[in-house]
């Protein structure tokens, strides 16, 4: 049974009791992302501080598998309270690990519970699941700067 | 019409080298994803290889011996494939896949709608604002997006038959009119296995003078199909789903229609006369086969058809229905499983799609994969159908003649394991 | 850049099973028709077969192990093919042949010209009356008829560079203007072997803002080609001419252009989101690869590229030039032979076309065939070029790395025999 | 050497000295035919008697190989002076032989010198050459009935 390699206990925990789930007000930008192969969806909102430098809240709704739900939950743990800059560093590290085909040694100091997704990297078809929420977060942060009205859905 | 006995299937299986491999640390492969693509018997691989080692050459272009032999092999494949689906060789156009076949029709109609420089015979393929293309809610994207695009280009309107809770077509959901120019539908749903009422749909389309396009991707590989008897105008299917090579498919068109239809892809071999100032087109099927074709692949598909004929399509169909019964019965006993599609076996083929309460299709698929069982998870290129049933993704098991009752029986066990693993059991 | 010594070629030849066969009652096959289609080495046949026996599955669609392996094999092939021509993997779109590649561009432009429902980024691909597409008089029909058809659909005008008596491009014959939207030309003539001045043509096209489309069908298989350095916008080539499978080819497009270009074929795998009311498209290259692709063929083409890399494209080119020299020298000594195309070796590849006074090309070809020598006779899908030279048909000998000096030397002897047979010697 | 099988002496004779070559007036209809694979061309004119029942003259210009030239020459021998009906019977017999892959035993009583083309039938790529003039003849005869102005080129 190699299943446990992918579905680490941490992942199943986040899946069963996701952190910061649901869509909340206020927010600065919202992103809707979809995985075209399986139809999974995430709608994710970002609230930054007034200076636009710190992530104050991330709220979301997902329609997806355990991996995409858990990874979005872990994402919120890792970025809420961090500077935008730091959150992008975490994102880059998570993405590198997820796309690394199991060859990238994840740094627990940076990725926290995110290291649990190292096993997913060995299943290329699931990498998009693990990244779905993260891509929504990245997109939403970009939109905070870009978009005049708040909460536009692409 | 007798089903295949287990010893027959076991004997057959030895023709398919890939079926004896193992996956995920030594588990025997249980391949239940033939609806996506089928596996190929030795006979098909050998036919293609021996063509390439003995006769390979450009077809219809050379005068040397290899060119003659290659042309013969290519045209003989066309003739055998045509006979397999009850058509004339001149009605069979080789395309790269069914998707290209449907695009070919849609673009030929698009080109007809522009009108410039075409003769009056192409008028029957022209579309404009107010005209309608009718499809169904269960279509594969290949028989949906090309029609959306055609409507976008021409200003015509796309409409669709809806699907009932049982996964059947709701024939009352659309009224065809004089403005209906095309009725395009799948012979068999790639998700639910539903076989559509071709005869009734053809009757309705004929009554308003619409062209009928049959997506036979999931029927020709799995049951006897006689296109001339079905009386459709066009049909498409792909080689890779019928034990044949990838990279080759067929567009069938009634001779009279192919004769009148303007070309789609242009280039070498589809012309009659070329001047820089303008060119004229060759007769069908060459008119629709621009460029050096998928030669060895056509030869391989010819061998696949021979192989299927050797088994008999009645037997193939009966065997797959038997497998569907085993799958449906097995899944019926697993709590929390909902079948998407018909649960009775009438007007049905082998595909079985389902969802599991509390476990996402992707996660079910992963547990099955871990046990060596390859199924497909997702929307199977039929997203509108999934929306209709309020789900993002389903698990689909689909079969071909090489699958055994034993293999299919493992499906329900695997789903049980998935429920346990995710704590919903 | 050294040529291949005979022993190397003889060693190579044993990789190609078909080259050891005989034709016309026991004569060794002398295959001088690689310009039409090349032969395949064992390595390519084996790569495709082992993929099919081990990993075959639908790519980019499944989550089970076979699907992963198949996707990896397919994408690894894309990456190696991209590197082979100096491109990024995302710039390589798999098509069924070069002809489809050119049609893809022409139809994407056609679709852009209709405008309905497309974003502003597609505007740069739109054409209308007054706009011009410029080609050359030496084009293969594949790089000619699609542009004629595009002009017919959009009202744009087709113009062309003419060809000099020496078989070179007359660069003064066309003045590009601000209305020139596309300049499309062959890298190397499939009839005469002429290599076109890409750099100069690109400079002129860039000066007026036109898109440059390179037909690299006869260059990529025969010489080192680095598309990024050539700075063309689009390029096409076919697998079957470069020791790879039929049924697969490549459309190269600069990343930024593919990103902006609307799709051509639509269906599964090229979409982002599908609703019956409308759909959105996936990013390139997937946007241009609708349906189940030519999976094993892409894998085979990857193996062909590995094989060619193993020899080195510099060596391939040098060897073919050596063969062209032997052919030209040999034919120069046969009375009544007229070479169509350059007789010097600068800016030239291996194809050698000629006519024989008093003996029709078909008849020359028949005599050669009778001696086991396979050449191509006719207009080689370049009818306007033949008209330009006042001939209906030529004999064309064309080579690949597996041809020997000995084989090519037989050509002139065969032509002598043809003259004798028809009583013109 | 199997060449002689295809290029029978009769064929070479007709090729070297074609019968009834050249385009002549008067004529009732003309047909232009082309072989798209090799670019060979024939322009062929037909003159029938006043009743439209007998072939009075066939004249032609060809741009093509020995096979297509010789076969057009033989054609004129076989049909000039015959009834239209008889000429169509000859045409059918010639076509059957040419497309018969060498399996059709030609009838010398019907085909005369035409039997020399039996060898060509074994070379599928050359069958179109052998038939080019015949297709032009068939087309021209059809046109005599059809077309109001004489000598229209398709």
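Residue numbering begins at 1 within each chain, and the chains themselves are lettered A, B, C and D in the order written.
Here is the rule we go by: a residue touches a chain if its C-beta (ideal position, glycine included) is under 8 Å from a C-beta of that chain, and two chains touch if they have at least 3 such contacts.
Note that the structure is predicted; figures quoted are calculated from it, not measured.
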**Request:** Report which of A-B and B-D is connected by more C-beta pairs in contact.
**Result:** A-B
**Message:** Suppose each chain is reduced to the average of its Cα coordinates; what separation in Å results between chain A and chain B?
**Reply:** 37
**Message:** Suppose each chain is reduced to the average of its Cα coordinates; what separation in Å results between chain B and chain C?
**Reply:** 30
**Prompt:** Using CA atom averages as chain centres, what separation in Å is found between chain B and chain D?
**Reply:** 45
**Item:** Where chain A and chain D are represented by their mean Cα positions, the distance between them in whole Å
**Value:** 77
**Fill in**
Going by residue number, chain B touches two or more other chains at 24, 61-63, 67, 271, 273, 362, 366, 377-378, 383
**Prompt:** Which residues belonging to chain A are in contact with no fewer than two other chains?
**Reply:** 37, 123, 126
**Asked** Drawing the touching chains as a network, do you get a line, a ring, a star, a complete graph or other?
**Response** other
**Prompt:** Name the touching chain pairs, would you?
**Reply:** A-B, A-C, B-C, B-D, C-D
**Asked** Which residues of chain B touch chain A in their complex?
**Response** 24-25, 360-363, 366-367, 370, 377-379, 383, 386, 392-393, 421-423
**Prompt:** What residues of chain A sit close enough to touch chain B in their complex?
**Reply:** 1-3, 6-7, 12, 16, 37-41, 63-67, 123, 126, 129
**chain C contact footprint on chain A (complex, rising order)** = 34, 36-37, 123-126
**Request:** Provide the residue numbers of chain C that touch chain A in the complex, in ascending order.
**Result:** 60-63, 67-68, 71-72, 271-273, 282
**Item:** chain B residues within the chain C interface of the complex
**Value:** 17-18, 21, 23-24, 29, 31, 33, 36-37, 39-40, 45, 49, 52-58, 61-67, 96-100, 102-103, 107, 111, 114, 116-117, 137, 140-146, 148-149, 152-153, 155, 158, 160, 238, 240, 245-248, 263-271, 273-276, 278-279, 290-297, 362, 365-366, 368-369, 373-378, 381, 383-384, 387
